[in-house]
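In what comes next, chain A is part of two complexes: it sits with chain B in the first one and with chain C in the second one.
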Partner chain A sequence: MPPQAVQAAFVYLAAVSVASALFAVTRRNPVHSMLWVLALFLHVAGIFLLLGAEFLAAVQVLVYAGAILIFYLFVVMLLDLPDEEARPRFGKHWPFAAAVGLSFAALAWFAWVAPTNALGAGGATDSQAPDDAALGSVAAIGAELFGRFALPFEIASLVLLAAIIGAVVLARRRATAP
Partner chain B sequence: MSDAQAQLLVMFIKAAAIYGGLLGCAALMTLAERKFSAWMQYRIGPNRVGPWGLLQPLADGVKFIFKEEVTPDGASPWIFRLAPLMAAVPAMLTVAVVPIGGEFQLFGVTTQLSITNLDIGALYVLAIGGLGVYGVILGGWASNSKYSLLGGLRASAQMISYELALILGILSIVAISGSLDLLQIVEGQKGTFLGFLPDWNLFKQPLAFVLFVVATFAETNRHPFDFAECEPELVGGFHTEYSSMKFALFFLGEYCAMIVMACLTVTLFLGGHAVPYWADAPWWIEAGAFSAKAGFFLFLFIWVRWTLPRFRFDQLMHLGWKVFLPLSLFNLFVTGAVISL
Partner chain C sequence: MNSATLSDLSVLVPELILVGTVLVLLLLARRIQTAPVAAVMSLIAAVAAGVTAGMAVVSGPQIGFGGMVTVDGYSRFFKVLIAATLALAVLLSVRRSNEEQAPRAEYHALLLLASTGMMLAGSALDLLVLYLALELMTLCAYVLVGIHVERPWANEAAIKYFLLGSFASALLLYGMSLTYGVTGSTGFADIAAALFGRGLETDPILLVAIGLIASGLAFKIAAVPFHAWAPDAYQGASAPVAAFLAAGSKAAGLAALGRIGVVAFESEAHAMSAVLAGLAVLSILLGSIVALSQTDMKRLLAYSSIAHAGYALLGLTAGTPDGASATMTYAFFYVFMTLGAFGVVIALGERGESLDGYRGLAAQRPGMALVMLLFLLALTGIPPTAGFSAKFVVILSAVRAGYVPLAVLAVVCSVVSAFIYMRVAVLMYMREPREAVPPAFPVAVSAALVVAALVTVIGGVLPGSLSSWAVSP
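Moving on to the complex of A and B:
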């Protein structure tokens, strides 16, 4: 693709991502929010594609849009929606949450503009990023995931396992109560 | 005509041909379903419109267009309209990566008989195909009807459960062929196995094949797993409230999904467009071989529907989680062990 086309595609994807993220938190109807999140996931997958990370893009759609969001929808569909819509859209602590979000955004911005960070690694602005196309391939990610990062990867799976066990325990307790 | 123009033209012709073929097939499938069911039940089936009722799908289409569109009270208008599209579009998108035939020349451009070929073709099919469940679940919810909601919930629970078996089945194929590229997977199945069998993955992965085929039935909500629209319990399931072309879109999506699943089964397990014992067959013979193999699986969908009774929903979930998931994990483990030894 010519660079202008890539640029235009990125601007479109980024703008729609931000807009749908905003819609997702401001809609009153939770199902509508979910659909905006779906739009967000699909556009983020598009950004991954632009970066040459085909595998990440596919997994983004497969896991987040195809599985996790479906389970959310499942729960939300069984809510009492008129009751849900009547409640105030934001909880009392929203200024605090906004402050946390803003400070993370500031941190990201700082990490991006800083030439080197405290750990001594290069910031994203210096062009020592390794060569693109091969980096996003399935083979490259697989080799990294099961080679250099095998231990962190397995630890992350433990977190998921804990969540599953937690869900089973919660469901069980309710079932045995008279 | 310059080279770039020729390539663009070839691209358009291929896309038009493949999508025309897909939609034509989906229309014919509705007729085939009624004809085969009629023969199995000692009836005649539709025979009034055109020879052997061949124009029946056309007549049905015209009828759908002229039917009144009903939107139920309290339905969520936008989502109600969006759902049929979300059911039909993903199934149609996935066909883009299926390699239907080998290389051929058109206007001086050498090309493959598939719309495009991705390095991650198998993942693409799973990712985009998995979005089809949104049509079902949103259609069920937006109709504001308890039958629709229950149908949508059942269908989505079922599709998610069996997607696991489907993915693990594909993974074991990916493991033995070493690529996610569907064309590479087909290439790896040319030649012979044990000297006399065609080198199809079917013979190397019989367990994965059985699990995969059964999972495709559950994924497409077909008998004996059609709980989404189980008439005695749920009227029409998630599309109870749909009428006119919106209903037709759901139907179209369902038949397109069946066709895509049949194509995928053929590509992964039956050597795709590879012709057994004839390595360098011309592309149109390969396309014919592919269609014949896919046609068999489409017939299987109909054959099973009019032969087997329906499961119960708890049996379905039991089968999916307690039988299929462990079996497919076991199969993947054995595959990995054999490869690494």
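Moving on to the complex of A and C:
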């Protein structure tokens, strides 16, 4: 991709991320908020893709959009939606939350403009960036997963198998026969 | 890049046998719902795993998967012990035909998977493998505790166990990630190498890491103050599951603690010892005292298991190979004593759950009362049972390590615990029976009781029989 296209894609993804984050916070209907969070996750995954971190992008979609968001939606479904919409959108503590958010933004800005003198070793990461790009690629992670970490990977599959058996056993219907 | 080869897999033969049986069980699950086929298959798998683990040639430690797991004397010892635990638990799970049953195939599959996790925990050389192995064990244990979904108290026990267990897993994981942060490695040998020559002074965060890892593992062995799950889980679970947890979870947790303490944190042994000594004191005290007031047999055995976790830790507080070996001996005999005591509870059925059910048992079933008396003597630590020789070696190693007050406390609490166990003996032998003669129980349960009783007696008569076997990592 030409650099201009990358630049344009980044601007689009970043702008939509920020916008959907704002919408997620300000919408009255919690379900709408969740859908905006979904948009946020997908666009952040796009930014990861631009950075060459395919694995992180896939995990972002699978774990955050696929699992955690659905989990949140289940909880939201348990709420009394009309009652929830009638209440004021922000609680009394919103200035505190805003202060935390602003200080985090300030920290990010600080880390961006002054990477060398503020964090000491932080400056060194810039020179290593090209090498690290290969580290995050799907191929590199796959090779590690099936090479050095083959055994932990297989044990993790057993853990998942146990979880599946557990879910089936615990969710089974009661035996009808006495 | 190294890929797995056959020699890597040969390190894990017992585990592979168990996992293979699990897969067969699950494939055939629909066909073996009612038949005792599942129990027979699991028993064969347990025996096969135990035999292959015991016969593994140990001409020096052999490692596999790039140093992730090993076969050495230590892992062989725990693999055989866990295979024995599994076999006895399977035998104890055979019910009377008229009793309500959990889904057989899934129940046995979970038992086998939990045992696989325990075995892996004993042979892990890497924090990553250790964590996943312990997770495999506990995840199966949560489900096993709550497997009787129609019983409300089983559900309650399972949920409590799950919540506390997740919390403990998080502690363990935090400790492991801090260790990785300090040393830059998850392999035990690399951690030890990175820590060599560096004290806690240069890395105070290491103390936090050691404390968190010890806490996470203390949960698995139900040591105070991480014991709160045990009484509820044992009471809510069916008795065979409680027996399996009391024996197996403890053995696996001790195996992990021993290897981490002796190999990974070798240079920080004094910090590890201090943490473990604290856990041991609290467990022995609280376990012995609270057990006094219990009227439910499974809760009594749960508090007894908490106290025994403390005794077992006495060996590890020494931080020496001899101490680790003493703890291994203790774990070995404890498994058979506690499985035996739970076996009698299972054999008596409903009646065995409360302490009152033991009134006059000697008059009604002298054989069973005698066997129970044997296990009670062993749990107290009275010669000539294995309980005495086990307690003797751990207290001796605490004295040798300079923890004399700890040893004195252990002896005093042993005397207190005599009152707990002898209370049951008095009920059995000196009270008139109030309930009807208990019905006959399956042959499998008797077989398990006989095996456990034999080990308990032989361990007491020949106390040195294990010493060549219990080699520390």
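FYI, the second predicted complex is superposed on the first by the 123 of 178 C-alpha atoms of A that agree within 3 Å, B and C clash if a C-alpha of one lies under 4 Å from a C-alpha of the other, contacts with A are read in each partner's own complex, and residues count from 1 in each chain.
Going forward, a residue touches a chain if its C-beta (ideal position, glycine included) is under 8 Å from a C-beta of that chain, and two chains touch if they have at least 3 such contacts.
Quick caveat, the model's predicted, so the values are computed rather than measured.
When the two structures are aligned on the shared chain, A:Arg172 is found in touch with chain C, with no touch to chain B.
By the touch criterion stated above, A:Val31 is placed in contact with chain B alone, chain C being left untouched. By the document's definition of touching, of the two partners only chain B reaches A:Phe74; chain C does not.
By the touch criterion stated above, A:Phe55 is placed in contact with chain B alone, chain C being left untouched.
By the touch criterion defined above, A:Leu22 reaches neither chain B nor chain C.
By the touch criterion defined above, A:Val138 lies against chain B but remains apart from chain C after alignment on the C-alpha atoms of chain A. In the superposed model, A:Val100 makes contact with neither chain B nor chain C. In the superposition on chain A, A:Val113 makes contact with neither chain B nor chain C. Taken together, the chain C residues at the contact with chain A in this complex read 1-4, 8, 19, 22, 26, 64-66, 68-69, 102-103, 106-107, 109-110, 113-114, 116-117, 120, 126, 128-129, 132-133, 135-136, 139-140, 142-143, 146-147, 149-150.
Residue ranges on chain A touching chain B, taken from their complex, read 29, 31-32, 35, 38, 54-55, 58-59, 61-62, 65-67, 70-71, 73-74, 77, 137-138. Contact residues of chain A toward chain C in the complex are 143, 146-152, 155-156, 158-159, 161-163, 165-166, 168-170, 172, 174.
Residue ranges on chain B touching chain A, taken from their complex, read 76, 79, 82, 118-120, 123-124, 126-128, 130-131, 133-134, 137-138, 141, 149, 152-153, 156-157, 160, 163, 180.
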